[in-house]
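Naming follows writing order (A, B, C and D), and every chain is counted from residue 1.
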């Protein structure tokens, strides 16, 4: 591996990311899977780094899921997206930051389509007007939340309470970065570092002290792939994809996987359980799984947020081994306490995947 | 007329006796083994034939003509014919006359094996009596005949071309021993008899020699040693005989009645196959005949060497030789004793073990159904190869229409292989499955004639398919009949000069030579190839060979073409799609199927 | 023969430039070879052996050098600007001098496609991924850490050729046969190595190329897989994992290799395009210089006095280039005869 | 209840691990097999192809990709008519190639 070679490519794929004043759109599913992620993204940006990020309670799904499941035509998706733009325009913002990779891909794809077929844009403006009497300006910049956090990684590093370093050995942690397919595979120049060697996540991991490992199936999809998972008959295919990735990363003994997509962390996390139940195979060290974190969760940990406030207890794979490696304090007793400090239910333990 | 020795014995006869007893014993055992190895049915059949007058006569005639007179060889090559028959027949007569003398003069001595052979040593006769003079004369005459044969044999060995053989066999060591023994027997006999001629009498050959010898050496001293030498030579010859090519002499005498009884090769190494192997005189006629021999390296794959390796049991070479052969049957056609080279080889191929055995039982023949029920209904099976030479199919069908024949195609869209290629490759059971499938289709069609434009198919349909009530016919024959019946009227074009190439499977395979020629003669001038009919040369494309590579075949095709074009025909005509495409590749003039020619003239 | 002997600027002293200059000199003109590199010979000088007869490239170059020894050659010199005059051109060179000439011959040749642009193949990122040029360099020098007793070697055809995404839709013509040549050479070096060639099409158009191909198959047992490599990854031991579809088998294949050689394609030399614009010669849409006629006048530009030879008008083999150089020289000769 | 959680086998061929013993033996016995260019003439002309999918091209390739079952299935339909040999542009003796293959077991040994 020639690191300079990668840096050269990264240099070719730098996108302009404004420093401030963002209109934030949430993801449909992340709010359920990783509720704290979006919360802490906003918290970190606003409170710790003093950025202006606006969000509107009126925004809806970007219709990306429906679009990728072939249940609605693109025109519909475009109109829904147009409405988000309208909300942004009304709020007086021109930089759009999305929490969801598929949304990011969806917005990028739609803007690119409009650029090539202006008549379509006109049509959609018309639709939007007819539908809800709204008008919109196209955003100046569209970024994914991870782009923004990549830009702010330095500032976060300055405020870091913890380093991604194995406390006992002093070795940097071995981090696997997994990029959502819709981030840059469609439009390499819209992603930081392009499609082949994106550095949006590796950038964060490295500036926070970790070492990113490169493994043969790095590019491979997590297997979610909408139709793959949602259609029961294809679910085996979905699982096989994830399995392939784990088999390929296993020899590198990764300490954690970080992701920037709603689906990926969910599947990389849950499928480890499914595989362990099916084949009794686990991929982490001594019987545990490989902890899978969103980049916001990772940033939160680095900045010293309490793991349970970050919602790490809703992960299937136990994160405790990782916390211990870094040396992040946590109170096992509080793991399953709700907001009101009352005990929420404790999940049953898997057969072969070690958990707490 | 007097007996020279009271005890009628002399030690020098002992070597002869040893040899004689050994060879007789050996042949007896061998014969019993061969007969025992035959399948029960065949054995019964054979033994019955031995007591059936018709067969008895047939056997005697064939043995006399082939083993003694070598008529076949006479037809092929006068010099070789004379050489062989002079030795065989001459020797035979010497033995017969020897016995005759004994019977005439000393009937009481007939039970001595050696007496007839060494008669002139033991008995002093005067040539004054008529029968004496006559017998003496005949003795010398036949001895001279044999000697002349021997002289030719020696010439042949050192300059085979003089007697018209391009290549002759490489002899094994024992073969040489036998050969030299054979050569020495008769000169020695001449010496021996000459030395004793002034005592025992002699004739035009022995008397003068005796006189010459007496001019410079006293005979009586020389007489005995020469008789010893003569006896030893005989002994050597008879002792090595079973292990040399001379084994063919006794073997052929059993082969002929067995063949007459219709026995066929059933086992690759036992019974009839074994007998054929031993009947091979390794004369090497097959070497020149074999189409592969145009390349010298291929001589080692000819039938004579197959037989030699089979005797030695060298499995690697046996496989090589068996797989290389084109199975064109030319060697059998020219073989003096009729060793069936192709059949022997196919039998060897059948011995193979396979990890994978194909099966065609699952094939559904419904899609291939064809119907042409009723009298005069012709079912035309074009065959696999014809798909690569569609001109044949087109011409054939067009001719059928012109003759107003009611026909239908058996393999319009798709079809099955006839099974012959599998048989050639030594997989008869698999072929059987295909045959059954094809039978279904043919029977269902209700045809009364099955027409074939491919001799490979034709042969297998004729030989292996139980098609009672259905006539199997090759298109060349069928069209010749239509012409004869006036249903086809080809316009004869004098300017066109055709040469007919006899495809192996059609000619040697099925004995069809004349009908195609007759049909062609109706369309234009017919000329003959250098070698034709039973001796036509394989095109080199034959499916028979498993291992011959594409490039190796080229030389054979070229050679076959040279043979076809000796009388400069305007086009080469054949009746086999395989020959057609093979010749077409290298020919310097048009190559056509007989159907194409006729179609263009009707 | 013309009375005065006109000066002809030959841009590029690769095989095309050298051969053309030699012919022009023989015809009595005074060619001037302008080469930006410190040595003549261009790409061929960097090659080791040439298909299909394995001729040492040095032989070809040395012969040309000998024949052009007396010709004025400016090494390490680039052209700052070219201006057309009434009947000729004035070239300002980077060494400050300027050169007046009556005709300009473009022998600017080609540039190897930058394999790093095909990011998915990881050239410049994975240690075990090299290019055809690197391999030739190794054949010449035997110095390359990346090549040591490989057990499995792969060749990727059409890297940056026939590839819209790589910005070159043209076939580079010589890579197929080069790949086969290099595969054979690798097999000769490391007989036990498994060698795979991943190809889209095999275009073996030239004399004896097909024999070469059969030799590679039968005598060297080189595996040809019809399918374009999709992506390359690095295994934990530093070897490369190559993925492609075996299109003849309709199944994806994966293989771990010790060495992956990328057959970088042929693209036009950017300098050529730059100079061409200055003398008002148009560039074809394949990026190469535009001939007056692609059949009848491949060595003539649309402008009088400007001529082409060799790969500046498209990918060419060495014999083709040499032949073109000669015909260009002849064109120039006729051009001056007409003017006189 | 079944959630469809299963692993579908990968269709990818891993050339590092694939077993091609039979192919290696074959090219020893029939070196011309190496020169196959996958043109498909053999399959196109095959008499057995219409009802069996037999294809010498696929056989040669399949052996290199460890698809022995498929190979055997195809081989067991060949009728040895020899048309493939007649059309092969590289002059491969496909007919003997098939016969030879039928004599090899999975390990590439000639059965005795």
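Here, contacts are C-beta pairs under 8 Å (C-beta built on N, C-alpha and C of every residue); 3 or more make two chains touch, one makes a residue touch a chain.
Please read all numbers here as calculations on a predicted model, not as lab measurements.
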| item | value |
| --- | --- |
| Chain whose average C-alpha position is farthest from chain D's own | A |
| Closest chain to the centre of mass proxy, which here is the mean CA position | D |
| Centroid distance [mean C-alpha coordinates] between chain C and chain B, Å | 67 |
| CA centroid of chain B to CA centroid of chain D, Å | 40 |
| Mean-CA-position distance for chain C and chain A (Å) | 46 |
| Multi-partner residues of chain C (each touching 2 or more other chains) | none |
| For chain A, residues that touch 2 or more chains besides their own | none |
| Contacts with two or more other chains, residues of chain B listed in rising order | none |
| Chain-to-chain touches, reported pairwise for every pair that qualifies | A-C, A-D, B-D, C-D |
| For the chain C and chain A complex, residues of the former touching the latter | 116, 119-120, 122, 124-127, 231, 233-236, 238, 241 |
| List of chain D residues in touch with chain B within their complex | 32, 45, 47-48, 50-51, 72, 75-83, 85-88, 91, 93, 95-96, 99, 101-106, 111-112 |
| In the complex, chain C residues that touch chain D | 152, 196, 214, 217-218, 221, 223-224, 226, 243, 246, 248-249, 251-256 |
| Chain A - residues contacting chain C, complex | 1-2, 5-6, 8-9, 194-197, 214-219, 251-252 |
| Chain D - residues contacting chain C, complex | 11-16, 27, 31-32, 34-35, 37-38, 57-58, 61-62, 64-65, 67, 90 |
